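Lettered A, B and C in written order, each chain numbered from 1.
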Amino acid sequence: MKQRHEVFTRTDVAVKLYTEEKMKKMLIGMLAAAVMSSNAVAADKVTIEVGYPYSHLFDVTFQKIMPGFNAAHPDIEVKFRATYENYEDATNTVLREAVAGNLPDVTMQGLNRQALLVEKGIAKSLEPFIAKEADFEKDGYHQAMLGLSTFGGDVYGLPFSISLPVGYYNEDLMKEAGITSQPKTWDEVVAACKKMHAKGIKNPMFWGWNITGNWFMQALMWTQDTPIVKDGKMNFGGSEGMKSLETMKKIFRGCDMQNLSFKDALASFSAGEIGMLFWSTSALGSVTRAKGDAFELKTGPFPGMSGTPMGLPAGGNAAMLTSASDDPARVAAAWTFLKYITSGEGAAAVAQTTGYMPPNKAANEIILADFYEKNPNNKTAVDQLPLLRDWLAYPGDKGLAITQVIYDGIEGIVTGEYDDMADLQEELMEETSDLLPK
Amino acid sequence: MTHIFDIKETLKHAVLIVAAIIVILPFYVMSSYSLKSPSEIEANRGGFIGAQQLMEDDKCTAIKGDVEECYFRPVVYNYTMAFKKAPLLRYLLNGVFVTVSIFILQVLIALPCAYALAKLRFWGRELVFTMVLFCLLIPVHAIALPLYIMLAKLGLTNTYAALIIPWTISVFGIFLMRQFFMTVPDDLLDAARMDGMSEFSIIWKVMLPTAIPALMAFAIFSVVAHWNDYFWPRVVITGNRDLFTPPLGLREFKGDADGSAYGPMMATAMIIVAPLIVGFLLAQKRFIEGITLSGMK
Amino acid sequence: MRPGHSSSTPFWLTFPAVALMFLILILPIIIAAILSFTDYSLGNVGAEWVAFENYERMLTRRTYIKMIIATVTYVGVVVPASLILGLCAALLINSLKFGQAIYKTIYFLPVMAALLAMAIVWEFALHPTIGIVNEILEDGCTVPWVKFLLSFEFLPWTDPSASWFATGCSEGFPLWLGDRDYAIWTICFIGIWQGFGFNMVLYLAGLTSVPRELYHAAQVDGAKSAWDRFWLVTWPMLGPTNVFVVTITSIRSFQVFDTVEALTQGGPSKTTFVMMFAIYEKAIKENQIGLGAAITIVFLVLVLLMTLFQRQFVEKKVHYS
């Protein structure tokens, strides 16, 4: 009995030992495989962190881009950070993160907010990477495009989504008032307003003076081929500045424009109350969605002062390299991502998913040719691309304060607080020059 | 003669109902928008529930093309977007975790201090109470940036700790509980001391049970305030969407100058306020008792 | 001194609170005070000492006068209005036989809703042409008795066609948020809408602590109408409640920010440029942290003065039972 038991036990133990051995080997094997593969993963996969604004707009853009990117670059993993609320928030967040020491690798910043990050040394120059590229131009990166992100002769960003000012026209209301062609100058706009007033349309026009960054004021300046800032000084103290202010006064008074927020203006336009809306092309998706079937919408080029404008400021954002990492693989991965999203299919996704357009020549002319044919309203902005100019930042730390001062001044024209444009011009020049760095 | 129809009572109800309509108007609009399509919202068409015609989800068509699955009824679209686009469930859970943690820590810190201020005499008592009153005046926007920098140097940004720690000191809570404790008769405490209880256990075994109503009041103020807090989480959570609290879920739908998605935004807002309404209905009786006893006398 | 505890117990009980108060609330204010004398901007390595330049700017630029006016207007309108409405609501609801819980919940709803969503809803509701508020007003134009009432036609010495309502009917009702004359009042209205429910609840609590016997005693003494009863019994007994409510409401209305940020951004023409928003605009939006800090210090001084004033005046007149 005992012996059998012992044998039994011994066999038991033997079996146990045997299976344990096997398990051990298996486990070790698995562990080794895991370690090796994770090592392999660790060795091959690089992670970069990216931040971008306007979740509601650009989430879908990146959803469209990523499958192609992941297929082309399986060794790079992209983690998206919490989205920024708007361009101001984008810059403020990056500034905070610079202090806290956890900058992202790539960040999308408003075009007029790039200069600040360059000044503070947070954005890195892209020249070394561009130098290594075999044929950058062939990928569609042309001078005008790169010019938007060039500071002090070096390129610091790659423009990602661009917008230009356009006119949105309610064709039904225009026809009703007997206007047969889209206005080409501001005088024609005022004339159209008067015709609509005569037909009982109370609020014929809205002009986007309140868009961020004094964009429309810069539009009027660039229309006369003049930058609003020159050589580090405010440049609207001369005749071009005067003409800009006078044009605004003419438009606001001639059309009896109401002091609406853009949200309210958009609502009015969608309800078919406003005939002409002048704003960035980036709202095209929203406007189309909001109006539904209420009326026919056509976009048209931004009117000029005495003919076509000589230049228009670019709106939108650019991708910048802010990686503080020491790992060259990581920085290289960030550059790869930067390149991918601003050229080829990556760039085309911008136009296909938002009202913005990619400034990349190849993307616009080749990949998107069909798209623009089917969506003529989107094409208006693309046609104006040759007019592309900088969205200028005001120099120094108080750039935003200067923006606010000019905003308040223009608001005064809308509300009727200011009537003498010469006085206003003087006051604005004085206050803004005071805020420039000494 | 007593009529069932009491003129005075009816008048009172009439006034209250008119006021209630004005008060509830925005909620009516909010719930209505959560059911409508973008064009109905922008142009203010369609009555309360809107026409519920099939609408195109242009984000979906941009990726998948003009397929049938990209067309929805507005109400379905709005509420599914609310949960899909922002992982709302996750944010709600975050909200619960953060507000509950904040409240528990607030109680742990405020109660002993309130007790000491109310029932014990010690050197510096007036000073501490003055500190409390002064701190009541300090608004969060004034201290946000220095606090952020301090947390950043500790490496605590983008963590639950950053969401919770700044709120653990609730001077409002100290004030409220002190008022309440002052109304508790001293004999109760003397008896407890005779029994050999330490001050510490007096707080948790004697004061706390009697303070439940006041605590409920404190809880409601605290939970509502921190559930809806938008400013501080937005300053301190920049890296990781997973840590968002419910109000931050609203911002997923903001587009500013390029147009926002109002339908899903309103749907999200409805979902966020629902727990609070339920909580208030359940707690409102105890809540008012709590304030009564907290020394309005 | 009470026997039975060591003299260090109070210290340990209050230490966590005091330490946190200092670290989280007072220390940042001290930092802000120091920064208010500099030119600091986030992202800079250092800061320049500019002494009182920031404060000087505040005393001379027109914008800051508008800031004080906006803040004082808001506090001056919202505090009394939300107190009175809260009190009336509490009195009415308290005397109801049924339906109390429903009204309480409805009036407390504005306090509970997420501000961001509410602000957007208000913006839509206040739209000049398609917003629900102006739509209702416009509907009233065609209803004769409404027009009669609101254009004051019943007063013989006024010209009804020149009244606010009549001009509104013919030319369109105002831009509630875009007109310099209306914006601040609109913000005040929304502030009252939001806050009176809070006060109502506090007053309801206060009312339940008024002993019934006092009302009987007052009746015996000859107080016949509800009005008399109110002045004789209710109002004095609400004294302590009043102190608490007035203090909290005043502090909260000085700190108004969310509605302004969401709806008017301080405009139009800085008519709604309240101090909290000014701090946010200067310190965070414009990254002029020194200037923002200076406004913060001025803000704290003002609120401190107001609180002290209140404690002097109001509290003296209150008697505790």
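Basically, a residue touches a chain if its C-beta (ideal position, glycine included) is under 8 Å from a C-beta of that chain, and two chains touch if they have at least 3 such contacts.
None of these values were measured; they are calculated from a predicted model.
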A-B or B-C, whichever has more C-beta pairs in contact: B-C
Chain whose average C-alpha position is farthest from chain C's own: A
Per-chain Cα centre nearest the global Cα centre, belonging to chain: B
Whole-Å separation of chain centres (CA-atom averages), chain A against chain B: 34
Inter-chain centre distance, chain B versus chain C - centres from mean C-alpha coordinates, in Å: 18
Multi-chain contact residues (two or more partners), chain A: 96, 99, 267, 271
Interface hub residues of chain C, defined as touching at least two other chains: 42, 124, 127, 130, 284
Residues of chain B touching at least two other chains: 41, 43-44, 251, 260
Touching residues on chain B, where the partner in the complex is chain A: 37-45, 58-59, 62-63, 85, 148-149, 152-153, 157-158, 234-235, 237-241, 244, 251-261
Touch list for chain C against partner chain A, complex: 39, 41-44, 63, 123-124, 127-130, 172, 175, 177-180, 267-270, 281-282, 284-288
Chain B to chain C touching residues, read off their complex: 9, 12-13, 15-16, 19-20, 22-27, 29-30, 33, 41, 43-44, 108-110, 112-113, 115-117, 120-122, 125, 128, 131-139, 141-147, 150, 165-166, 168-169, 171, 174, 179, 193, 198-200, 203, 224, 228, 230-231, 246-247, 250-251, 260, 262, 265-266, 268-269, 272-273, 276-277, 280-281, 284-285, 287-292, 295-297
List of chain A residues in touch with chain C within their complex: 88, 92, 95-96, 98-99, 116, 120, 122, 202-203, 258-261, 263-264, 267-268, 271, 273, 397-398, 400-401, 404, 408, 411-412, 415, 417
Chain C residues within the chain B interface of the complex: 1-5, 7, 9-14, 16-18, 20-21, 24-29, 31-32, 42, 89, 92-93, 95-97, 99, 101, 103-118, 120-122, 124-125, 127, 130-132, 135, 193, 197, 201-202, 204-206, 208-209, 240-241, 244, 251, 255, 257-258, 276, 279-280, 283-284, 289, 296, 299-300, 303-304, 307, 320-321
